[in-house]
Amino acid sequence: MTQSNYSPREKPRWETYSKCIHCGLCLNACPTYRELRQEMDSPRGRIYQMIQVDRGALALGPSFVRHIDLCLDCRACETACPSGVEYGRLVELARSQIARHYRRPLRSRLLRRLFLAGLLPHRRRLECVGMILRAWQQSGLEQLVLQSHLLEALSPRLARIARLAPRLEKPFFTRQLGHVVPARGSRRYRVAFFAGCIANLAFARLNEATLRVLAENGCEVVIPKEQGCCGALQVHAGLRDLARRLARRNLEAFLAEDWDAVITNAAGCGSVLKEYPLLFEEEQPELHPQALRFSSRVKDVTEYLAGIDFNRALGPVPARATYQDPCHLAHAQRIRSAPRQLLRAVPGLELVELKEAEVCCGSAGIYNVVENEMAERLLAAKMRRIDETQADLILTANPGCLLQLRAGVAGSKNPARRVMHVVEVLDKAYQTSP
Amino acid sequence: MQVPPLVQELIQATNEEAVLWRPEDLMLYEYDALSSRRPPEAVVFPATTQQVAAVVKVAARHHCPVIPRGAGTGLSGGAVALEGGVVVSLARMNQILEIDLENQRARVQPGVVNQDLSLAVADAGYYYAPDPSSQKACTLGGNVAENSGGPHTLAYGVTTNHVLGLEVVLPDGCVIRTGARYWDRPGYDLTGFIVGSEGTLGIVTEIVVRLMRLPEAVKTLLAIYDSVADATATVAAITAHGITPAALEMMDGLMLRAIEAATHAGYPLDAAAVLLIELEGLREAVEEEADSITAVCGAHRARQVRVARRAEERELLWRGRKNAFGAIGRLTPSFYVQDGVIPRTRLPQMLDYIAGVERRYGLRIGNVFHAGDGNLHPLIMFDSRDAQQVRHAVKAAEEIMGKCVELGGSITGEHGVGIEKNELMPLIFSEEDLAVMRKLKQVFNPQNLLNPGKVLPSGKMCGEVRVQVSLGS
Amino acid sequence: MATATQAGVAKLASIVGEARVLTDAASCQACAVHGRVPRCVVFAPSAGQAAQVLQCAAEQDLAVIPRRNGTKIETGNPPRRYDVALSLKEMNQVWYYEPDDLVISVEAGMKWGDLQHFLSRRGLWVPLDPPGGDKASVGGCAAAGASGPLRLRYGTLRDMVLGMTMATTEGKVVKTGGRVVKNVAGYDLAKLLIGSWGTLGVITEVTLKLFPRPPQTRTYAAAVASLEEARQLRRRLLESPLAPQRMVLLDSTTARLAGAALFGDERFQVWIEAAGSERVLRRYDAELSGWLPKAHSLGVNESNWASLADYPALWLGAWRGAAVLKASLPVAATETFIGQAEEEARASEARLACIGMTAVGVVRLALAASLPPDRLASLIERLRTQAVQLGGSLIVERCPADVREHVDAWGPPGDDLQMMRRMKQAWDPKGILSPGRFVGGI
């Protein structure tokens, strides 16, 4: 056998990939295969390419990188896989190899470095950028530019991406860090809330709603001050060293106390928080036990509520609604029934099942920015299915998906439809509760 | 890199996006769900029947083999390029062209995924009956080529019983339509002949299928046994009682544990075997049959007969069953699935025999199969890195096949012959039978350019070497 | 020529024995097909000998038509030539029977009635009610792809044949399929032979899937006032969860001929036969009484269905010289077709009778008229055109010899005719099997 084209540490390994029996049951579950219908862009094909790189039969070069890049890391293939192949782990390790050994074009290198390393991990910088962006939005300039079709003329791609930008609203959630929200009524649980990075700016209202809903359920909620970005996007991009630094910061921030749970409302964050131990398997293994202890506490907010016999004093939220499964909730965390269970408890809410709800909407972290064309194709397919349901309220459980679906609705024939997080529906229902 | 002339012509016949020819891409077309062989010279994704015809003509001019391919989920190597050539992937011809509910028909392109068709008509109360375990990924074109079965074919028949008409591109590029949208069109039943021909007679570019009404009532029973013999005896007894369940599946203890680890469907971990029985139809009939079957199971010492209460529970049990082959990845680095058929009454005898083979070679063999129609799928587990184990796995498989034939059965019930069993064909067919098949194949495929090396024995390779190659060792 | 044939006959006798070759006028006359009389009748006692007879005939260039009781021999075009009637009368053994496995293998010459009788001892049957009824043979039904109203629930022989043995013109006995219910090993030659009307090879043995006989059956008969009502009823039935065994739409003449009482002045009757336990039948009672308000028991029973199965005898007994036709159509077009056929018949002052298996897309018709042969033929052609326009086809099963000269039995072939011709060429290079009888002159 020839030499592996991977470097020895943190690479896709035989023990993991040999579980793939190339049965192909993952093919139609994979969003990129569904669109492109070629093996290279299927989970089975990507694993095969990873194996060939390991065997030295395929270069860690542009072709390999292209196909690994196009993967959404949505992990729908893991749900489909009967053999229990840990595809997410494989693709993340492959990307780590790419990040270390493959030189990308300057523009893409800069974008990644700037956003993933230069911005997300730094709260102050985020706030600064947030304020500038908010000023831009509130001045009406953004509206003007978007309406002027200036961007379309400049670059249609840029124009599409610009429409994905979240609305930034005052006040930012960052000022809540370090605070404690008391339970309403008697305190039954004491939980920590994971606030995220961009969510502090772009989903401050969602975070607040989450706190209220938890309080309604007898939770005293602590928002540890020293927490920061979860590192999910960095893991997806293969920047594992950086992700580990972020993970350590969160381990320190959250392991200071023994919570009933660490709660997040972002499926993408939750999934990586639960998988922190994977980051410390090969590197810094001394932190592995801590990571295990932390991750065992992490709960998605829907998972937590459904698990504690949640407060059913819900007022009516009349709507015809449908629910899109966030990939990192349904596939990575295998949580499908909890959000539905919560939604079915809301009076007046008619929940219509969305066909192919488990197929990615194309959001996938920064995927809709870096792989905008594929993301748009997936969004278009998703919107067709959503249209079929004739729902006027579209629900999901992850901020990234919210942005993507909002862009989809805004560009649709029926832009009046609302897109909300499951928790926001509950918040509303508690408010209308008699 | 220089674009070879063959590829240039293929691009002319289609377009640039429709042709793969770089080695790093072709590498991905050297396998299907059976094995990994050699890459083709090109892969083409035609969008229309005309393009398929044009591609086939180009290949014929270059005297180059053509290998049709759907999703590549086949288990007999039917989609691999044994001798190189052009792989024609029908994966992008995936439109449902027409749904005609009053006539209970659909007209589809071959790349439509089996389950997607059922999904498309489910709201109206219909479905497409043949349900191979790979139905969420496999294509209808592939199903037609392999004449695929599935658990629910016990009551409703296999693919051939649900296909009425085809549009076919012949190896010379001619396009013909066979059959019709109704049964009984006068003339030879070329449709019935082409279904199951494993891509050796023509490339199917359009399919007219029968849709069926979703049943009013469905009941799924799980009968749990402490002995394999009692479970197999129950199967024969159910048949003899005149009940034809929609599905009647058996799994042994080894497989149960793997499946349960994969899907958490609620299968008992300590059982020696279970029967998964599904009844469908009129509410009254289903209830009566459930009662009789429960009685039959009890008479054969079933420890418990559990009825799935909710749809989710039923779905979970089936997901477990349909994921069985994959779940075995948890038990062993490599395995070899067999697909033999025996008369149902011989099941107890056959399972004893398999247990003997297991002991003789010191290999673990899991059993999960369509008990109701005697279609066995022993899964022989081995480690491909151990040459001795590979040899033993091959021998074990051949002995099991031999026993199937001895008991009056067949060497394949639904996976097809392909490159896996073509050399075993003489076990069940005489030289004269095979000569007729060869002659009829020539009628369609005179140059042997279409999917060469499949179905019929070539006599080139002895069994052991062949299977070892197909096992990728 | 005559001496050559005599030499050929002698050779045939050396295969099967003198006693099994008849050359007398009466025997030959009895095997005539469309007025053509063979030179001899040969009885094959086994598959191997049938194959040898075919090989010998091919060598001698003698045209062969295989037969048993001749219940369907009238269907098809007149043979271009005809020398040997190959009878499978002596081939009526059961070769393999495993009732617990629900499988049987029988020789092709076995009569359908004998087979069912044999199976009934264990409460089993092959759920097929072919034209010709009990007198039809297993091989004949397979060669003709014959089926009746039971196909609504059980499908046709295409769905029930597990394996087959056939004799080829090269003198070989060839096997396809097997004795297990599921089998994809090798090409499915049985599909080719079923419905090939004896033009490819001679079916010598058939392995069939068996079914348990239902515990009870009950027929619901009702008057149907119009085709529109029939259409609604058919739709309702197919969309319902009910799965009756048979359903036919009969004009009142046919209903009367089949022995049913009439309600009065109805245009049509519908018969629906349900099968199952008492509890299941009570469900049918409840559902059908809602749909068919005018339904009451006319006492339609198994014997009425049996006389319906032998519809050519039924119609030809009443209307001498009638043409018997079979239209195969998309289900949704069946009532429309019957309506159009009625109009055409009325315009030509012809009488029309029909058995519409509307839920499976088959309409059988009888046309009787005191028309000149060419006018009756052109009426048939018009009906065929309508069937084709509705997406179907129409074959002539029976008609007077003088009409047959003007109308093809099968109708226009499709663009797969070339492949069918090549198929025929591969099986029967000398063209000795039922020459000229099949589609496109095959």
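Letters A, B and C name the chains as they come in the text, with residue numbers starting at 1 for each one.
Assume contacts are C-beta pairs under 8 Å (C-beta built on N, C-alpha and C of every residue); 3 or more make two chains touch, one makes a residue touch a chain.
Source: prediction; values computed, not measured.
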Could you work out how many touching-chain steps separate subunit A from subunit C at minimum?
-> 2
Of A-B and B-C, the pair with more C-beta contacts is B-C
With centres defined as the mean of C-alpha atoms, identify the chain lying farthest from subunit C.
-> A
So what's the Cα centroid distance for subunit A and subunit C, whole Å?
-> 64
Where the centres are mean C-alpha positions, what is the separation of subunit A from subunit B, in Å?
-> 37
Between the Cα centroids of subunit B and subunit C the separation in whole angstrom comes to 33
So in the complex, which bits of subunit B are touching subunit C?
-> 100, 102-105, 125, 146-147, 149, 153, 157-158, 160-161, 170, 174-178, 180-193, 195-197, 213, 215-217, 236, 239-240, 242, 244, 281-285, 288, 341-345, 370, 373-375, 408-417, 421, 425, 428-430, 432-437, 439-444, 455-456
Subunit B touches which residues of subunit A in the complex?
-> 18-29, 37-40, 45, 48-49, 52, 57-59, 63-64, 80-85, 355
Interface residues, subunit B side, partner subunit A - complex | 20, 22, 24-25, 27-29, 31-33, 36, 43, 45, 71-73, 89, 91-92, 94, 111, 113, 115-116, 119, 134, 136-138, 261-263, 322-330, 333, 335
In their complex, what parts of subunit C are in touch with subunit B?
-> 98-103, 123, 145, 147, 155-156, 158-159, 168, 172-176, 178-189, 191-192, 194-196, 200, 211-212, 235, 238-239, 241-243, 276-277, 279-280, 282-283, 328-332, 360-362, 391-393, 395, 410-411, 413-420, 422-426, 438-440
